[in-house]
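Order as written gives the chain letters A, B and C; numbering starts at 1 within each chain.
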Amino acid sequence: MVENMLKASANPCIKFNMKSTIFIIPIVIVIGVLVYILSLIILGGLKALNLDLLFTSIMYGGIFEAIIGTFLLLVGTSILALPISIATAIYLTEYAPKGGKTVKIIEQSIDNLAGLPSIVVGLFGYEFFVKMLGFGVSLLSGWLTLLIMVIPIVTKATKEAILMVPEEFRKVASALGATKWDIIRDIILPISMPGIASGIILGMARISGETAAILFTACTLTARGIPATPLEPIISLSYYLFVVIFTSPGSAYTKAYALATILMSITVSLYSIAIIVRFHYRKRKRW
Amino acid sequence: MLMNKVILGFLIIGIAIIGGTLYYFTRPTKIQIRIAGSTTCLPIIQEAAIQFMSEHPEVSINVEGGGSGHGYASLIDRAIDIAMASRPPKQVEVDQATQNGVELRLHKIAMDAVVIIVNPKVADDYLNLTLEQVAKIFAGNYTKWKEVDSSLPNEDIIVFTREAGSGTRGTFEEHVMETFGLEITADAHEVPSNPQMAISIKNTDYSIGYVGLGFYNEHDHGIVYLAVNDTSPYIPPTKENIYSLEYPIARYLYLVTNGEPEEGSWISRFIAFVLSSEGQQIVEEKGFLSLPSEND
Amino acid sequence: MGETDIETIWRRIPQESVAFKQIFFVKEKRVKEDLLIRKIFLFLSTISAALVLLIITFVFLESIPVFTSNLIVNIFQETTWRPAYNSFGILPLIVGSFVVVFIAILIALPIGVGASIYISEFAPKKLRDPLLSVIELLASIPSVIYGFIGLVFLVPFISQLLKLNSGATALTASLILIPMIVPIIISISSEILSSVPKEYREISAALGASKFQTTLKVILPASKSGIFASVILAFGRAIGETIAVLFVCGATGKFPSFPFITESVLTMTSAIAMYMGEAAIGENLYYVLFFIGFSLMLISFIVNNIAERIVEKQREKVGGIRIW
């Protein structure tokens, strides 16, 4: 308001936009880089992609199992993470004595889990799940390793969603004779559902492009079709891309572009869906 | 209402976990063979696995690279069934294996040679060097190509090497570096596989490196003809020279198992396949040498 | 009033008493159910905490042998990282990691803060959220793809630009890290900048300052600690990045010499990635790798902790006008 008054006064001593336009440069750089990277991949991908490639087995030059592998990793990890994360978030917000030691410990643990470098998680997963527990390089080892990275994301999102439920709802329900569990089951969970959903999608987006953690824990190069049990290894888009880049003769990056385009589409779509869900959710909930 | 659904949910998860564990212990008959290791053997074994699987649909073979060191380490830690190796095990690995109760049993599957390749800017098709010159180049004793030979360009030598456990590196060190008591320079760039070495030499001007024979490509690389000392002739790595062992860095490629595989087991059948004429044909197709028969 | 803690009251009054049944109108079954559910939730939550404990303990335990053997001497005295010759010098790795991250932050900071200033001060309000979302997209691209682009486009470019024979240098690694950390700086800094109270800007304008002067001399200093927190988090992200850096760092085991920019380096993360396949359990290399992993873990804990404290303090501070 004051700015408008000053603008209106047309005082020549007050310079407005000349020096300020300098700040548009960094934005242009950032968006420019994004567009450049996207176009590099997409343009290469458009040339390389065709339905054949997508559905032929890896053994014969296609990338079918890579798509299946990524899908299995994503879905499996999410299913395993769901109960643990939701329960943790609910416990932290509803049950635990506020500010008590348990809350602090669990919250600290979750935050620390989120900050772990992915290669350290991969090293742990390889030595512990693959070798020591004897699961071998398998889908299961991959799930357990990725679980470590997904739990903090979903827990945090669920916690935020639950905290947005107004306190009055809980008090009113209590006054009517509802138990804690009644409140959670019938009020809190249904209201937080979109927030939880965006959390899971965010988790899936995070691990869709993950390579370091599954490099040695879940992936192989030759696989026949879809694994019959979770104790078999899979091949994922990110891993296959990693290997293909390193072993492709200079200019023939066709397969690499195809893989990169599909991988990027999956990751970007998941992130976008999560952003949209979160956005709508925040817009709608006006108590 | 919802409560029952939640309990149902927990029950389902519980059943899934228990069911999964039971399933694991009483597994159905899909056979799985896990193979990992040398990137030199990788193209051969990958192709062999594909062909073997198409002939035997009930078997699933998983193959991955990682280098001979990875192969040995994984076999010793019992994470795989067969290791691919382009060198015999080091003493440390043998000790580690005995500690873990693993017996390393080597099966020769092909012959190969470690060839020294250079970027085409150094030499377009071939270059004559003695073993000692090569050792000194890799040790960093020469920094520019001109120092090696005045006919070469006056450019910095860029050295590439493989990772510590690599079989190709191990063979190279044994036959070249150790003979002269030298170590590969710390300035050398490390790459973790044969294909990557081949690409790096092709793309990096004035570089030098080493690969298994099957990864040398005359369009992309210049090749070194090796002489044992300055009075001997320079030997090109041709098949004849490798079979006759005149080429100084000839070697075998191996599949390694934990002890002798059971007669008739899938592992022994796969190894037999690789040793059969079909398997050896794959070896030749990939640019390596099939095992000499007893008559050679 | 605090929580509506039915359970506390439940626990204090004996459940068989008439008073209890009169107060709560609940059947015994539901009371027991509720407490049981609470225990289930507690159990599932402890899985999360247990997982963290498991990882920390495991990584720590597996790195202990480094301290109890003479490996610790090897690690800190050797000036090269050459496991083939039993040389496990960690110093070249540490220098490699820090140089790459430092250069990346040096370049990413002005870009990130500049873009945040634009978003929070100059962009039309409606454009703010879409811009932030688009920038988040940059952070969402998988690191393999960054590595791909780095290897195929950036490495040859750098080699031509700096007339080097090999374009895989510390500078290349830093450049590929920048698009990964700029979004972190932007998302936190723009929030911090926006949270500076309106009054600051109004008073400043009333005193005759231009928007540019206000931003530079008033808003930025007020957001100093928040921006610092974003840098710390960016640091944490960058130092933990493995795949993208692996493609372009050049992977030499030597101690990088002064004009770090044109040197090929090996970072702590790339070293783990390159060597973890070869280390059989119980080998020297195995323990050294865990030592490196433990150091990385420690760094990430410290980084997250510092950043959290700063953000909390900033939230407490920005509550009103402070006349200074």
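By definition in this document, a contact is a pair of C-beta atoms (placed from the backbone, for glycine too) under 8 Å apart; a residue touches a chain by one contact, two chains touch by 3 or more.
These numbers were taken from a predicted model, which means no experiment stands behind them.
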By number of C-beta contact pairs, the top two chains: A-C
Chain located farthest away, centre of subunit A as origin (C-alpha): B
For subunit B and subunit C, what's the span in angstrom between their mean Cα positions? 37
Which integer distance in Å separates the CA centroid of subunit A from that of subunit C? 15
Using the touch definition from the top, which residues of subunit C touch two or more other chains? 33, 40, 277, 281
Counting only residues that touch at least 2 other chains, which ones in subunit B make the list? 3, 10, 77, 192, 203
Residue ranges of subunit A touching at least 2 other chains are 83, 131, 181
Subunit A to subunit B touching residues, read off their complex: 59, 83, 130-131, 134, 136-137, 181, 185-186, 189, 219-224, 228-233, 243, 246-250
State the interface residues of subunit A toward subunit C in the complex, per the touch definition above. 1-3, 6, 13-20, 22-27, 29-31, 33-34, 37, 40-41, 83-85, 87-88, 90-92, 95, 98, 105-106, 109-124, 126-128, 131-132, 147-148, 151, 155, 170-171, 174, 177, 179-181, 205, 208-212, 215-216, 238, 241-242, 245, 253, 256, 260, 263-264, 267-268, 271-272, 275, 279
Subunit A-facing residues of subunit C, complex: 2-4, 6-7, 24-26, 30-31, 33-34, 37-38, 40-49, 51-56, 58-59, 62, 110-115, 117-119, 121-122, 129, 131, 133-138, 140-149, 151-153, 179, 182, 186, 201-202, 205-206, 208, 210-212, 215, 236, 239-243, 247, 269, 272-273, 276-277, 281, 286, 289-290, 293, 296-297, 300-301, 303-304, 308
Tell me, which parts of subunit C touch subunit B in their complex? 33, 40, 80-85, 156, 165-166, 168, 250-255, 264, 266, 274-275, 277-283, 285
So in the complex, the part of subunit B that touches subunit C is made up of which residues? 3, 10, 66-67, 69-70, 72-74, 76-77, 92-93, 96, 99-100, 155-156, 158, 163-165, 169, 173, 183-192, 203-207
